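Next come two complexes, and both contain subunit A; in the first it sits with subunit B, in the second with subunit C.
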Partner chain A sequence: MLKVENMAFSYRRNEYLLNKLNVEITPGGVYGLLGKNGSGKSTLLYLLTGLMKPQIGTVTYNEVAAFKRTPEMLRNIYLLPEEFDLPEVSAEVYVKYNASFYPHFSREEFNNYLQIFELPPVKKLSQYSMGQKKKFIVSFALATNTPLLLMDEPTNGMDIPSKSQFRKVIAMGMNDNRSIIISTHQVRDLESMIDRVLLLHDNTMILNEDVMRIAEKLEFIRTTSKEDLQGCIYSTFTPEGFVGVRPNVDGVDTQVDLESLFNAVIANPLLVQQLFV
Partner chain B sequence: MENQVFSISRFGAYLNKYFSEYRGLRLQFAILSGVFAALQFIFGTKPDFFNASAALFLFAIISASSLNYFFTPRAQKIKFLLTPASQFEKFLAMVVHLYIYIPIMFAVALFVAQYCATLVTALFTLSMPQFEAPFAGIDVDGSVVLLYILSYLPAVAFYLMGATIFTKNSFLKTTGLYIVVSFAFMLLMTIAVGAHAIGVNAFSEWENFDTVNRTGANFMIVMTVVVTLLFFGVSYMRISEMEVNETKK
Partner chain C sequence: MIFRDNQSIYLQIAERICDEILENKFPPGERIPSIREYAALVEVNANTVVRSYEWLQQQEIIFNKRGIGYYVSPEGKHHIKAIRRERFFNDELPLFFNRLYTLGISVEEIDTRYAEYLSKYSNK
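Presenting the complex of A and B:
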């Protein structure tokens, strides 16, 4: 569906923000795009949606350059940017004039998502608070049923109950014909939601792995005893005890802890990459 | 497979979205009607062709500049670029706005203003309203209409191009550029209409359209169309090649 081949991008001459990137997004998965602030997550989303042009390499959607921004591509991709603007119209008018561009838009699903988010009806969308606007646009984005949905920091501005509502609507909106890429630095918000991890660090994608494979290769430890952390490539102390990550040599089945994984990869990029070769 | 450059149904859907979401259209209409009505009520004079056309000209170039609304801030630009219509359709919607919607809205505003002013005057003088024919006072001078259109076309296209290039302070920056470019253009036209020395006024040549230099005048018409198309071309290219962050090197 979406293919990035040997792509490089820079804002400054000869100083690549993203370099030698190869990614393929196929239908049927939730991708978690992780990275520190300034690692290029939003830029990558812009490149994937054709909002920017890479200096080197290609980004193609169904073998057409994404930067061409053809109507065919645009109706199959929906980007929910971190900053967005809703016009001063009613929800009804917004749906009337925007949904027609998306052939698989479902009004029923849209109403369901609004209900889950407990959004009160308003005369104009501008009357919503920032968090409520985000819920509205997430509902609309999911209801478009585009094969590719990209979300940039979708949980920013959402309160704690909204984050669990968010997980619920993502689960409802997901199907085998669709891929959702969620970019965030709040890794906890993605816990138990994603199928694949894309991790940007040091100008490249240092991890692009299935969550199942990560669980096969790495063991995530939660313990109260420091002795249990032997062999860990990353460990830290939290109020609940110690957490650590180590190569899964015994084939132990543990749940992937995204925050620990992120820190482990950042701390030992080469070691982790070797594990996944 | 649907045409990726232009499709009537897609363009129709885009135009609907464009006019439903474009901020300030109703406000612009209300302000225009209000100002014209107030002028007629206070001064008792109806706008003549020169005043009305000058006002339309000014209003159109300001509107063309204000189309940078689609490119600033970034959220707005993303929405514009990712709306599932072709870049050509997005550009065409702007052309429709500037060359069809605005003149019509302007005429309707004048019409509404004329009757509002008559009604308000009657209310204040406690007399029966004296309704006149629509656009009374605007005596269209046929010989100037073509010249007006020939000015309107490239000027509005130029400000549209300015809006796509200068996404901030578009009007001021485009006006600066306009002064430079129009000086060069007038110089070229002056020569083209057969002036024998720099400084001959092209407008005076235009008054002698039939007798003096029909070829030169025709050349001016062709040049105006060519220049307008050139400005359209640049605007379209800018929209097609536009990136969300344009700071890369």
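Presenting the complex of A and C:
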């Protein structure tokens, strides 16, 4: 569907923020795009949707350069940026003018998502609080039913109960013909939703793996005794005890802890990459 | 649903469905929720629930009617109990024996207490 080949992008001359990037987005997955602040997560989302143009390499949507932003591509992709504004119009008017760009938009699903988010009706969308605006736009984004949906930090500004509502609507809005890419550093919010991890670090995609395969290759340990951490490539102490990551040798899957995975990869990129060759 | 840390999520979800079958929330021969419905309920990725359902099918706890949905096998409860008994004997009992041994508790004492427990339990 979406293909990035040997891509490099820089804002400044000879200083590549992203370099030697190869990624393919296929239908039917929830991709978690992780990376430190300033690692280029948002930039990558803009490149994927053709809002920016790579200096080297290509980004293509069904073989056509994303940067061309063809109508064919635009009706199949929805990008929800981290910051956005809603106009001073009613929900009705907003849907009337925006839904027509998306041939598979579902009014019924949209209302259903709004209900799950418990959004009260308002005369003008600008009356919503920041968190409520986010819920409104997430509902709209999911209801467009575009094969590709990209969301930049969608849970920012959401309160604690909304994060559970968010997981529910993602689970409902997901299907085999669609892929959702979510950039986040709030890994806890989305841990159970992600089935593929994209990790940006040191200007490139350092890890691009299925969560299932990660569980096959790495064992995630939580323990109260330090002795259990033998062979760990990464470990740390938390108020609940020790957490550690080590190669999975006994073949039993543990639950992938994205925070530890992230830290393990950053602390020891070569070792982790060797495991996934 | 709150997930434990030391077991993969798909198995924890399968276990939860087993509990629900044993509690008769989903009686034998009845349809269980679709993969997407269950994913929304427990707030996980649908692919995770796909794995849970595959596992339950392999264990012959549920079966798939093509195009209609997933149903509890007539023998589903029996299979769940068989799996859990096996797990108890293989995983939990050795730990329990180890406790008895290290604390010097005799099997007779356990026998007496188990009889007490049963009489209390059956009065309820």
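As a working rule, the second predicted complex is superposed on the first by the 277 of 277 C-alpha atoms of A that agree within 3 Å, B and C clash if a C-alpha of one lies under 4 Å from a C-alpha of the other, contacts with A are read in each partner's own complex, and residues count from 1 in each chain.
One rule holds in what follows: contacts are C-beta pairs under 8 Å (C-beta built on N, C-alpha and C of every residue); 3 or more make two chains touch, one makes a residue touch a chain.
Computed from a prediction, not measured in an experiment: that's the story for all the values here.
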Simultaneous placement of subunit C and subunit B on subunit A, clash or fit:
fit
Of the two partner chains, subunit B (first) and subunit C (second), which one does A:194 touch, if any: first, second, both, or neither?
second
Now for A:253: first (subunit B), second (subunit C), both, or neither, which partner does it touch?
second
Spot which of subunit B and subunit C makes contact with more residues of subunit A, would you?
B
With both complexes superposed on chain A, which partner does A:164 reach: first (subunit B), second (subunit C), both or neither?
second
On the A-aligned overlay, A:30 touches which partner chain: subunit B = first, subunit C = second, or both, or neither?
second
With the two structures placed on a shared chain A, what shortest C-alpha distance in Å links subunit B and subunit C?
28
Touching both subunit C and subunit B, counted on subunit A across the two superposed complexes
none
Interface residues, subunit A side, partner subunit C - complex
28-30, 164, 167-169, 171-172, 174-175, 192-195, 212, 215, 220, 222, 253-255, 257
In the complex, subunit B touches subunit A at residues 1-2, 4, 7, 10, 13, 16-17, 20-21, 23, 73-76, 78-79, 81-87, 89, 243-245, 247-249
Subunit A-touching residues of subunit C, taken from the complex the two chains share
3-9, 11, 36, 39-40, 42-48, 51
In the complex, subunit A residues that touch subunit B
9-13, 43, 46, 49-53, 55, 69-72, 74-75, 77-79, 81, 83-85, 87-89, 93, 96-98, 100-102
